[in-house]
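What follows is chain A paired twice: with chain B in the first complex and chain C in the second.
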Partner chain A sequence: MTRTNLNRFGTLIAFVLLCIGFSIAAPAAFASPANVFNLVQQMATLAIVATAATLVMTISEFDLSVGFSASLAAVICFVLFGQGYDVWLAVPAALLVGIIGGAANGVLVARFGIPSFVATLALGTILSGFAFGLSGGQSLFQSVPDGFKSLARGDVFGIPVLGFWIVAVLGVAAFVLTQTEFGRRLRAIGGNAQAARLAGLPIVRDVIVTFAIAGGLSALAGLLLASRLGSVQHTMGEPLLLPAYAAVFIGTTASPTGAPTVAGTLLGVAITGVMVNGMTIVGVEPFVQKIMTGVIILVAVLLRRVGRAK
Partner chain B sequence: MLDLSGISRRFGATHALEDVSLALSEGEVLGLVGPNGAGKSTLIKIIAGADRPDAGEIRIDGSLTQFHSAHDAYAAGIRVIHQDAPLVPGFDTVENCYLGRAYPRRFGRIDRKAMRAAIAEVAADIAPELDLDLPVMFLPPAERQFVRLLRAVADKGRLLILDEPTAALPAEDAERFYDVLRRTRQRGTSIILVSHRLDEIADFCGRAVVIRDGRIVARFAEGEVKPEAMIAAMGGSASERSNRATDTSAPKIIEIDGVTAGDLTRPARLDVHAGEVIALYGLAGSGRSSLLNAIWGAIPWVGKMRLAGADYAPRSPRQAIARGVSCVPADRHRSGLFVNEDLVFNKTLPLLSGYRRLRGLPVPDVKAEEAEFVVAAERVSLSYRDPKQLARTLSGGNQQKLIFSRWANRHSKVMLLDEPTEGVDVMAKATIKDIIRAIAADGNAVLVSTSDRDEALELGDRIAVFRQGGIVKVFTRAEASAEALSAAAQSREAA
Partner chain C sequence: MHKSIAALGLASILALGVSSGALAAGEKVSVITPFLAAIATGEMIEAFKAKATEYQWTVDVVDTAGDMAAFASRVEDATTSGANAIVLVSVDPAQIQDQVDKAKAAGVPVITIDGAKNASSVLNVTSDNYVLGETMTKFLFDQIGNKGNIVRFFYSAHPGVHQRELALDAALKANPAIKQVADHYVAVPGQVDDSRAAMDAMLLANPGDGAINAVWAAWDEPGIGANLAIEAAGRKGIVIAGIDGNPQAIDLIKACGAYIGTVRQGFGEMASIAAGELNTILAGGSAKADELYAPVELITRESLGVTCP
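The block that comes next holds the complex of A and B.
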């Protein structure tokens, strides 16, 4: 195998080896249909948040508010349920809040030139304040409408519903990024914003739209998480932030130019997901799992560097 | 202190320097003048130890010296000061002057007092009004130049080589800079000054040499350094010139009436006819690029423009494109290319919606894109291996042609070109000039902004000369000459 191919497929090979390793170590538990089902469910919300991060990283920006948006959307949805509103109103309202929050990020970045790291951190903190206030700081468990439960629970023909969400969301995102004019423009903005502007691209609009989509996707992930768990806390989305970016970074090691791609991100989500799941089954202590996950990210990125330096 | 004799340097078949000899004594100032590509930068590199001559001798204080690296030359007291040499913005002058030097220590701790005293001593001599304790980010650009100078002198610099030190400074600040430089010379420091601003050379330098095609073609002794004489010495090889006269009966495509924008501070008036190439010639910052950027809608502007007889007020490049204006911006790496994307991506991006598979659906037809790329590449004689190769893998000249190819399959009314042959080898230069002429022959109005006088003469049916934020004169084919252009672009008094 040539070095380029090793670069390109190295991450994928690592993933396959990881799966084979756990299958040998715990054949009954790891490779069982029940565990795979479980794994897909665990990965879904992270995959969607990581897709949001991928879109934003395509334009060479960061969105640190993804986890906060997810929490706020879930809280809003449950508060509306508590007031007796129907699923058909509560869910779109929660998604809309995510989109508006994302668009606000985009305006701060594209119109006012605030570095996205700062803008999204500040706005995300504001969103988390709203989530805290609306929830009263407590877990919300009121009776959830059946329609909402079915968003993320159960299966169709033995495939978990959340698996369909992964396919739908990531499929559309991948199509948009690779096949459409909008996706081309995002890659251009991320590659060289100055050149993109001088080539006549509508940069301000595209950046705002990208952040709005990221906000909407984060809100969707929050709702799916709430649906699966059946309860909501105002901080529930926050632990998604770092693993989402970890997944994107692992994913960039699978692309020839180091650009983020949806397929790479899915691979990153799968690698981190399988690591945690497999290590838990094998009985690795949680603190060791964390250390191992960090090491994996570093190793992936370092190998990539070494490969590219040649 | 410095004595060069018989220095030669060749790159392949080209003689970058041929038998160059010059000497410089303590406290003396030498002007180094020549057109772009004459060999000035190679000479500077050799003196600074960054490049080695193929033949010739370098003597410092009379003893034969060989620099094996820039470090050796530094140890000998030679300092090259680039106008954009980086300073740490949050550090003050004293700290910036100590970057890369050993800090004075007292009880193992950095002795700030001693540092400040050492710098203040030199500063009192050459730039007494400079605030040493203010972070340099708060200093105006002229003062930052003083800091660079101070850093070089304070660290035992004996020979300063200044490359276009005032290019980014307005006239008043340039005066102040030369005051500081004068005081530096009085300390016994030797200076080599490289500048396109010939009046500054004449004012400041005791002696000057003119270098052209790698040779010293003229030496001016004390009292002989005059701009006219230097221009005459530089003029040299008359390049092949366009012999077409402007067809004033052709319709005016673009009319610029009282436009100011960016560096262009004095309202500009200019009409360009169909089929005409107008060269915009002037130094960097003289306003010629700003005029192009205004027409491209890339920077805010005021005034009035008309395009093909209708009002034209672009607020973004997007609007300019929609009206049939095309542009190849300056500095292709920063402003043109997407180096990590393939050639087709780079070619089709600005007009991407023209490649839709189904009308109204914003999904480009990759096959159609590639087919058009192949046609366009042929038209600009782009040499490439594969339409899918990354843009970074092309040579500089081919990268520039790639940007030209963006507009190759449409009829633009106006073509804007900013430094189109910058950093491009001789062969590619010739092709690009042919492409430019072909674009004009198609009935387009072409505006070429350039800092290369020969290129302006070669391409322009008319030549608008810019100086200090405005058009000073528009030359017709018949009136234009190398001497006249340089005089108009560089003389201090208004033409």
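The block that comes next holds the complex of A and C.
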């Protein structure tokens, strides 16, 4: 294998090595069909939130509100269920709130020039306040229709339903980013916003649309998570934020240019998912799990930088 | 990039090495909680591990630090990995019903400590949280002469804690001379620091003598945070009561400061009862009931034999 191929596929090879290592350590459990099923389910919501983060990072911005949007969408949906509303009304309403929240982020960033770190953190905090208020701080798990639960549970021909969501969402996102005019514009904005502006690209509109899509995807992830668990807490989406960006950063190590890609992000999600799942199965102490997960992320990104500098 | 492959490979080898001991023993019991950072939860898990050693079980403890999605995932992992039993601590299994149902379907008994009864779990060992809240609230109200202003530190996401809050709501209704002037939803983890910061703000917002007479803490750690704020501000005439019998809270009661009482949950007893019942279940028997209660005890200066100057 050439050095170029190693640079490109090194992260993928590392992922395969991880899988082989855990399969040897716990052959009956880790490599079992039931665990592969679990892994796909466990990675799905993170994959969707990480895709939202990938889109925003493509335009060289950050969206820190993704977890908050996920929580709020789930809370809104369950509150509407509690008031007797049907799935077909509650789910679109929750998604719409996510899209509106995302678009508001985009307006703050593109129209008012507020740094995305500040704008999305501020708006995310507002969203979390609404989630808290609507839920009363309580865990909601009553009056959940079976139709909603089936969004993220069960399987079709042995493939988990959430696996189809991963393929659909990430497939569309990858297609949009690589095969459409809109995707090329986003990469141009991320590569050099000033040049894109001088070239006459509709930067303000594209940035708002990108954040709106990210908000919608975050809301979708929150709904799928709520469907999988059958319960909602007003903080449930917040732990998705850091792993999502960790996955994107790991994914950039698999990208020839170092730019975020949907495929790379999926690989990052898979590495983090397999790490936690595998270490739990073989019984690694929780503190060691945290240390090792952090070390893996750091080593992957650091060595990529060192390799590129050479 | 050769190095990155080597590093990631090394990490997996390390993982296998660290895990080798965990695969060696007999019955494998997975203990999973989102709240290991809470002292009471830690106490229950340590007590359970001690009993598990007597029964020669291998115990894997997993903490998801408040992350319910990860909590659900780890329950799935435990089911898949062939655990002989799953013990959920400080959480209502209804919050991850699908995962608990799957564990039951796979023949893995699920028991909860400080949780809630559930059709798919075989046992919940807990204290009667409403009684805990009622006992502490009555004591606190008596201490301020059943009149004055209180502040509340709460966390409704925990079903047991919510029961205590319902007891406070009922007591407030029955005692109109007591007003709740502020409340704070406690952040977990980081509950002590978060509660201290909230109490700082409450003290500033209610500056006069008698503006706050008492702090109602749904469990001891927020009360400890509030105590820090009261000490730092030098405010007098405020008393605090909590629940759990946290050792630090008991020290504060002995120190004759603002902290005057706590209701001790028998966390060690809960864990011991749970381990004993699980031993019966693993031997092919059944639990005595689907819910068992550990005894509670009100701890005050009087009960501790402390005389304050």
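The rule is short, and it goes like this: the second predicted complex is superposed on the first by the 310 of 310 C-alpha atoms of A that agree within 3 Å, B and C clash if a C-alpha of one lies under 4 Å from a C-alpha of the other, contacts with A are read in each partner's own complex, and residues count from 1 in each chain.
The working rule: contacts are C-beta pairs under 8 Å (C-beta built on N, C-alpha and C of every residue); 3 or more make two chains touch, one makes a residue touch a chain.
Owing to the predicted nature of the structure, the values given are computational and were not obtained by experimental measurement.
> Applying the touch criterion given at the start, work out whether A:T257 contacts chain B, chain C, both or neither, answering first, second, both or neither.
The first partner, chain B, only.
> Residues of chain A touched by chain B versus by chain C: which partner has the larger set?
More residues of chain A are touched by C.
> Does chain B (first) or chain C (second) touch A:R187, or do both, or does neither?
The answer is first: A:R187 touches chain B but not chain C.
> Using the touch definition from the top, say if A:P145 reaches chain B (first), chain C (second), both or neither.
neither
> Between chain B and chain C, which residues of chain A are contacted by each of them?
none
> Residue numbers of chain A touching chain C in their complex, please.
Its residues touching chain C are 3, 6-7, 10-11, 13-15, 17-18, 20-22, 24-26, 28-29, 32, 34-35, 38, 41-42, 45, 132, 136-139, 141, 149, 153, 225, 228-231, 233-236, 239-240, 253, 275-286, 288, 292, 295-296, 299-300, 303-304, 307.
> Could you pull out which chain C residues touch chain A in their complex?
1-5, 7-9, 11-16, 18-19, 22-23, 36, 58, 60-63, 65-70, 72-74, 76-78, 80-82, 92, 94-99, 154-157, 159, 162, 185
> Contact residues on chain A for chain B in the complex?
179-182, 184-185, 187-188, 191-192, 194-202, 257-259
> Considering only the defined contacts, which chain B positions touch chain A in the complex?
The touching residues are 296, 298, 316-318, 320-321, 327, 329, 334-341, 345, 349-350, 352-353, 356, 362-364, 390, 406.
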